[in-house]
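Some structures are shown below for you to check.
There are two complexes below, and they share subunit A, which is joined by subunit B in the first and by subunit C in the second.
On to the complex of A and B.
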């Protein structure tokens, strides 16, 4: 299913993996590229060179050890809290939707939305930073008010795929949702 | 997440496109444009410019063009919304500075505006109102991006005081390389041509319009045994409310059966309240406060005479609405007002208390003798004078003409700026134009055009909104045929 090349909104390549578990259960996984070693090197070198320049003028050795510490902590923080390796959407007809995102360190955050709360899945437009983008989101409803939208859960928040990828996911999701309703 | 704006839900059915493509309507011959209306003033803000943009857009959509509106965010209304018939409105989060007009730095709006222009495949940028900083920004950026531009001026300006001298200079700069300018009356055209030092050939006059079905007469709402004068305007200096404050006591003393009905809100309300207090006219002068547009007709039909005391006006919509409701119109002879109505439907006076009183006296005397035309006959005459379809047709011609013209490349634009706007201002703005161009190149490098998703059309030749409705209707009629 990976013959089409997809990119995210800033033009970086991403991959979409669709798995058909059964006719009413599908899983979509959007994976972002791994952290490149070059980028890590550039950031580390920049911090270290800056620290060395400060050390050169002030002769305080604590600056150097501080810089090493900052790069290590920064890298850990980045892979644990910022860098999302892949996000997946598991749609099970008549049961619900499971959204999970796993970080580069292996940490995973999973949420489950049961079918009774889901109103629909739609593609919407929003202003994001200095761009206007399309995104996929789940509309939630309050069981007491079945016609109103109570809140919106955006999907694929960190990978931000472009419209062609969203349309593909949207179509298969709608297939399952229409069967289960 | 904080940057994401919750926007109105739009249900894009990708399957609908396939249906639409198969039932392709016969090709219309004339060219369709992708128009972007830009102004700081749009709904939910109320006013003449706002309704002008809305009505014009609706009629252009009806003619098969694609129209999007760009404005700034109003309070919690941010992001993308759809109005009637798929009119798409972008509420961009730009900082509002003064009087609902955005702050301008010439540059900060470029990324978002470029995004709108690129993703909607805009061919003509139509900016409205010279008070709107966003409109000027959009013109500037559109020219940098090589798009055709049209500007509509909705107001008149002075020449003498410092603020008008400055705005006029800015207008000169903004309009000197705009393809076409539209004014709402000949007076307004004259004013704009002088202010912005333009070639009169690129300035068209297209008046505003009213929706005649909204403003129909209903004489049964009038109260017998009294004569009611209706005034509907914002209570501000420009609308001559001080004159009104002088007229009310003079006429009320002479005619005991005269009543005033005043709709609108503003800083000059205090003047009218003082007059009412001083002469004890509480039962005869009613101040209704701010009116919503839908309530205006209900107030108009209660009156016999419509009074307009504006001191400056490019094109007065209010008197057309008044006449359409069958009222006798008395107005000041300022700006474009004498062009608006045929002479026998309007009584024109000089903007002074004495002249206005004399004008009102003659109309009151006509009323008493019963020699005024009936409301329905006035309505019938006004009904076809100003229609939005006519405005849209004329605007369409402007677009057709503009689309054939070329947009000045940067070097000629710079030369033109320096030749037309004086050596100092011209050089400064030429420099800004160069910076704008460089900023655009930077943005094109950061986010190339190919990376931006092309928006799904709601209106226009490939519009899904209309297809959806018509294909359903077609399907329905086919079903009926088979039965």
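On to the complex of A and C.
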């Protein structure tokens, strides 16, 4: 078990946690930084000040209660659907790969890919906004053609770690995959 | 290679005995289904397994031995090891668990070169005794993963996407997890053996907690048979009535295909036919389809009866009827005012006065006709509503379809205005476009389906240009009338569309599947998720397999009953183009456009 600090593509610190459950079972967890209180304050204040300005000119009290509702719903929406707390990748030799991402509210989305469907794990390049980023992805086999790739499952989609972190995960994944095949 | 052992959670604390299960071919994994306890007679075990194999169709076999030593049961180890000679297998699993430890210890023996293996095993066991550690060198050669699963959930769950029909032997075999799920689901007869039965064999596996309610279920099952027969008989009479020659003649057939009540009736007939078929549902998809139809039918009828109880209480029907006539009057009055406005100078536009007056008077006369028609009808409206309300006992969808039809009949004048306006507008647009071609010295070649150049006479050109000018200057007046009546028509179509959508929603929404997803999330599985259980040094890796339930949106997508709204609709661009050119739009889809 080891914790290492890396940065994601925009320079924010993230931590990579590798757990060695066994020689053929490893778990990688990439945790993003928590929501900063300052950011929450700024957004809330912005909405409330705007609402107060509208109220000042129009004298409609519904605007104020609307602003409170908007901030509350917005926060809940953010922690339940947007903010990903940590993403983990569980590689079990000869059984499969499990990708899960858990949101700040505790909601967890998990998908398990069986080993018979997996072709390989690779690091790929992609154009993202105005830059080129690296990302780790699982190549899936096409059931009809054994050598073709039917689809690509990108990993660590929301935390987007940099290349040095990806290489570390990639190497230990390949170690397990090469053993089981 | 890593060996995977799927182990049921209920067998964690089982007494020592034999492991019964199945080897999944080609995947190097074993599914443990039950533990048969010591003491037993090997012959009886063999017979029992054969019997179960015949009943379930799963290749059951004795996988190995399971030992959980208790006080006063020393020396079991060697006995259980000897069992592998009684039940010859290619590989023999020997799983043991020590008191006070959570992990299992697993040893594997193979049939070929058995002696060497066994000796090695013995040695390693001796070593273990010496050192007191659970793992020998054997562990490093062949690794074992224990995947713990909950037998009941896995047995009842259905892995998605569901397989359709029989599996094709040519294509590659189903994946490992699917095979594992199938194995557990098919070996249901194995789980009928009760813990408290006084039989020759005792085993541990999942068993149902009790079947108290099953008497009611059985009675219901028996009761459905005559019910189904009755419904089938009624349906046959109904189809006989529908197939009488009179109904296939042109006007009736056309009407019935356009009235939404008739369409809904045909849907309901189809659904009842599916429900009342005497054959039990084969496969998961068919069962879910039947259950969804049944639940939505029941909900529909319940909602309809609620509506009825509201309608016939406190004389709501007459109140409705009394408000309907003034509303129709009011609409007609508003329309008259609108026409008067259009006949003047609407929004400051200067129209062609003569054409404006002609069109306005024509429409005013129409409204007058309509009002007298409504007043003629007014004594009967209450009766119509009263009897129409009775249709709600067939379901809310019928009441809504009837409402849609009634709206269509009551707003017939708006439809007429729209058609007149649209036809006039359409004629002008076509005339203008062909005269524009003449203006440029071209014409439409019908045979070749293209625009050719053509030399016209001077007379032709003169007349054509004159007509073009006249049409062009009259166009704004017609376009204005067309615009106003199209907007009115669109309001009616929108209302009818909402009614159709709600009817369709009730008809097709998979209520049963959604209820199953909420109350029994494991029944509809999208896949599985693993979590690592606490690991102790010296034991194999233990994983907990849980069922990943299907997403709500996927449930709706997979299980919705196909109805007409499932087919692709007109795109918005096509609708706007139709409106612009002046083609007629309908709330229902044409048969011809469906084939396009």
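Here is the rule we go by: the second predicted complex is superposed on the first by the 177 of 181 C-alpha atoms of A that agree within 3 Å, B and C clash if a C-alpha of one lies under 4 Å from a C-alpha of the other, contacts with A are read in each partner's own complex, and residues count from 1 in each chain.
By definition in this document, contacts are C-beta pairs under 8 Å (C-beta built on N, C-alpha and C of every residue); 3 or more make two chains touch, one makes a residue touch a chain.
On a predicted model such as this, the values are computed, not experimentally measured, just so you know.
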Following superposition onto subunit A, is the placement of subunit B relative to subunit C best described as a clash or a fit?
fit
Considering only the touch criterion stated at the top, classify A:27 as touching first (subunit B), second (subunit C), both, or neither.
second
Check the residue A:180 against both partner chains and state whether it touches subunit B (first), subunit C (second), both, or neither.
second
With the two complexes superposed on chain A, say which partner A:58 touches: subunit B (first), subunit C (second), both, or neither.
neither
Name the contact category of A:92: first (subunit B only), second (subunit C only), both, or neither.
second
Between the centres of subunit B and subunit C, viewed from subunit A's Cα centre, what angle do you get? Round it to the nearest 10 degrees, please.
100
Of subunit B and subunit C, the chain that contacts the larger number of subunit A residues:
B
Considering only touches as defined above, state whether A:111 meets subunit B (first), subunit C (second), both or neither.
second
Pick one for A:143: touches subunit B only (first), subunit C only (second), both, or neither.
second
After superposing the two complexes, find the smallest distance in angstrom between C-alpha atoms of subunit B and C-alpha atoms of subunit C.
18
For subunit A, give the residues common to its interface with subunit B and its interface with subunit C.
none
Seen from subunit C, its contact residues with subunit A in the complex are 1-2, 4, 27-28, 143, 145, 147, 171-172, 175-177, 527-530, 532, 535, 541, 543, 548
Subunit B to subunit A touching residues, read off their complex
1, 3-7, 9-12, 14-15, 78-80, 90, 92-93, 111-112, 115-116, 119, 447-448, 450-455
Listed in rising order, subunit A residues that touch subunit C in their complex are 21-25, 27, 90, 92-95, 98, 100, 110-112, 114, 116-117, 143, 180
Show me the residue ranges of subunit A that touch subunit B in the complex, using the header's touch definition.
7, 9-11, 120, 122-135, 139, 149, 152, 154, 157, 162-163, 167, 170-171
